[in-house]
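Below you'll find a set of structures to go through.
Both complexes below contain chain A, partnered by chain B and then by chain C.
Showing the complex of A and B:
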């Protein structure tokens, strides 16, 4: 294949070429930055890097690997390349334009800070995530689920409790958090309380909707089998409600993390992700703030991933998992 | 028609006599906290026309719980900020070139207020107790003090448990902390107003403990001092502001009223502001705005003496300048 065709084409050879060119231009930009050169030459090299990376991602997306392993690897590779490109662009732009670190630190500074602060980051993670978020999440989702089952049994509760749940969900967290601190003290129980308030309603609404999702034919079938209402609940309606329940669990995992971090802004012992973010921004250590953000993003993504895996295992029968 | 023209000429001439003849220089001041008696001097100077007389058009921006004046000036939102020296020095070490140009507050108003029933009578009794501290730049004097006392802030029996309190006195009233951070002019009176009598409180003033640091001072970015026109503007600004502080010292109730009129939130009360202005006047103590470099050196010593976790690690260079106050004294 001629050089021009390789540059413009797709396929494994072209992709490899793009990868090489993108890598070379990234190294070139870094070298220019190290030597203190800023200006049109640097801007040109950055633009070239971005073009090659874009082309690389397009080529990767167009590839059609044969085996399952190949497909999995590609599935990870494309977002990875895209993410790395963004990180490089961030680095080049911040250093090239000499953006003050109090406004936006470079990814390299953030990486160094993460490497140097692992004990602190771990202690904050334990305080906020493993204590406040997990406890609040379990309590909030658990109570939402139980109340939904109770509501399902009693039309009186359905009429009375659902609107109140509606009200509770509308309470702004920045109003609820200081009150919880006053009631439950400064330590993690008050943060768990905030998480409970935030996660209760989505779980409640989704479970109620899920319990009504079982089809009329299936419910009639259970009646013909002489099933009692609790047998029908356990064997038909709860499994049918699982997609909705997992939906709520996934939403709540995000809300729980937000709730715990924001609640820490209002009163906390001197450990915790929310505390670290607010204290370090006051000291203008923006790289530490970004380090905490990175930890939070990682924790949130891992949780969401775990829930998705559990969902796949429990609701494999759902039409959404069918391949065309 | 003739009468109309004559009338228009007279009106225009009249307009020409209302304003000062020189053009007004614009200047933006970012306060460290919300509109309150702590900044009475600046509001008085604006209201009484001292800034206008000096040819300045000053915009005063109130601060608040999540507004760090250092970030505002770094982002270009203000020309001069009111800040405390520890936070300014820490920012300077981080690469933000703040310079102190004037120091209206001679004394520090920071203190730790404890309930007598906790049995704390002297600083050594802090061991094993729970202390409330503000953060966002206000924690430095406390950390230095704990280091001086040899108490770790990690908690446990040999140290103190620190909680990050909000800007209120609830932790003391709810008994969630044994001691809380208060200012002589603000939160201390909130505790009194909440119903805890003075007799039930033990107060430790940072001034008495030898760990006081300089508080409200005026700071600008270093590059402002390279421009002679800007230095002149700042000199006029400091002179007019100190005139405002003088006026507030002599007419504290009127100053409180002016602060209230400028409070956009409506959250402040007359009684609280009158008390605050009275206490603030004690901290200004007749200062003419000049920074006492000996006090500045003491502040640096307190901050660097932080043991294993000093607030600043290097002796600051060029962190304060008398250029503006010298120019101010040349002005008539």
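Showing the complex of A and C:
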């Protein structure tokens, strides 16, 4: 196979070649930046890097792997390559154009900052995430779920609460943050309270919808078994509601982090992710802000990923997981 | 309505013999009006009781300090009309909203309408940009397998990032470069509102089934033609559903975007100023204003949905 065909081709060999070329051009651009080289040469090398890694992504996307493991690996690999490409481009552009780090720090600077301030980041994470978010999330989701199960017995309450719950879900609830800070003080309980209010209604609305999701046929079957309403709740309607409940859990995992961080803008002890962000932005330490955002992003994505795994395990019977 | 003999044969005849008023009453009980009103009344009652409980301590202290004899009625009245209550009673909030919308000129910074307009303008700008961006991304993802597999996971990941955390930074950084006013807040609204539109539109543009797509192929329609004549119309219900989510998210973005700017104008600034000076009634009235605005915006999108779907020939 000739080199030209390899460059235009899309097989595994061509893909590996692309990966090598993209990596080499990235290293080349980094070397040029280190030696202080600017201008057209650098721009050309960066353009070549972009071309190669785009081809790499296209090639990877065109692959049709056999087996589930291959598909899973590829499903992670493609976005990863894309993300790493963007990170490199960010680095090249910031350093090539000498963008002041107050405006936009390079990814490498942010990495160094994260490595140097691990204790602070950990303390903030504990304060905001492990205390406020987790407590508020558990309380908010738990009470939303319980209220949904309780009002499920009364069609009258359901008809009254559902439209109001839907309306409240669309409201800018973060706005209650200053009130909660006034009521519960500066420390984490006030943030947890904001999280409770934010997560309650999505959980309520989704659980009520989920409890109605079981089909009429299945309900009739439960009735022919002579199942009591609590038996039919536990054995039929709660399992049928699980996809909806997990949907609410996923939505709430993001909302909870947002609520806790924004609530810290309204008053906080001198620790916490929201406090750090607003304090460091005041001192123009943009790299520290980005470090906190990286931690928040990591925490958010990990929580989301864990919830997806739990959902997969709990709702394995759902049609959306059936093999195509 | 006259009871002509032929009507007996109609479906449902005889059921409505109770008269129009009774029928209306039954429809309200079995529909949603009465349940909703009941729940709202219950919330208001709980609110008033909570206002008594939460303001009890401070108000009794005040009455004791005043040194006059007071009964339980006086105390309850005091908890519902405190100057800086811990929880204001609903009528106090309504009075404050009335005072700051009708009695003050809308151009004055003391008017709630002025602040609402500031927030509304950046919400709408961000919403429009976000919707356009979301649609553009969805079209790109639809037509490029590479984008679908590389960009789509990141679009979803982008929402697990608590993006509002970046809001202060975007505002301050853009402020440092000289971009001020509407645009920085609108950018935050854009970020929050593009996601539901992008995801909803990818789903919507893919919603036409294989039969319809095959029909377009037999017409030898080009991809832009398929997009314009089949996929785009088919995605309208999805677009409007996601726009409802997007407009609510855009409002949240605009409000949070106003927090770090030094509390100059906007509902978010009003919240922050209220929390600095302990003006609880002001905070609550700003919150109610934001809630009303969110309700109106979502309702307007819903109205647009009904009108355009009706014009496209959908029957409910």
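To be clear about the criterion, the second predicted complex is superposed on the first by the 298 of 324 C-alpha atoms of A that agree within 3 Å, B and C clash if a C-alpha of one lies under 4 Å from a C-alpha of the other, contacts with A are read in each partner's own complex, and residues count from 1 in each chain.
One rule holds in what follows: a residue touches a chain if its C-beta (ideal position, glycine included) is under 8 Å from a C-beta of that chain, and two chains touch if they have at least 3 such contacts.
Because the structure is predicted, anything quoted here is derived from the model rather than measured.
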item	value
Which superposed partner A:70 touches (first chain B, second chain C, both, neither)	neither
Which of chain B and chain C A:278 touches, first, second, both or neither	both
Partner chain in contact with A:268 - chain B first, chain C second, else both or neither	first
Which of chain B and chain C A:254 touches, first, second, both or neither	second
Chain B versus chain C as contact partner of A:157, first or second or both or neither	second
Partner chain in contact with A:20 - chain B first, chain C second, else both or neither	neither
Most chain A residues touched (candidates chain B, chain C)	C
Touching partner for A:81 - first (chain B), second (chain C), both, neither	second
Contacts of A:102 with chain B and chain C, given as first, second, both or neither	both
Contacts of A:293 with chain B and chain C, given as first, second, both or neither	second
Footprint overlap on chain A, comparing chain B with chain C	102-103, 178, 182, 266-267, 278, 281-282, 284
Residue numbers on chain C that touch chain A, as the complex places them	31-32, 34-40, 54, 86, 145-146, 148-154, 157, 159-166, 168-169, 172-173, 176-177, 244-245, 248, 251-252, 255-256, 259-260, 267-268, 271-272, 274-275, 278, 280, 283-284, 286-287, 290-291, 294-295, 298
Residue ranges of chain B in contact with chain A within the complex	68, 70-71, 74-75, 87, 90-91, 94-96, 135-137, 139, 153, 155, 161-166, 170-171, 174, 176-177
Chain A - residues contacting chain C, complex	54, 57-58, 60-62, 75, 78-79, 81-83, 102-104, 156-161, 163-164, 167, 170-172, 174-179, 181-183, 253-254, 257-258, 261-262, 265-267, 273-274, 277-278, 281-282, 284, 286, 289-290, 292-293, 296-297, 300-301, 303-304
Interface residues, chain A side, partner chain B - complex	100-103, 178, 182, 185-186, 266-270, 275, 278-279, 281-285
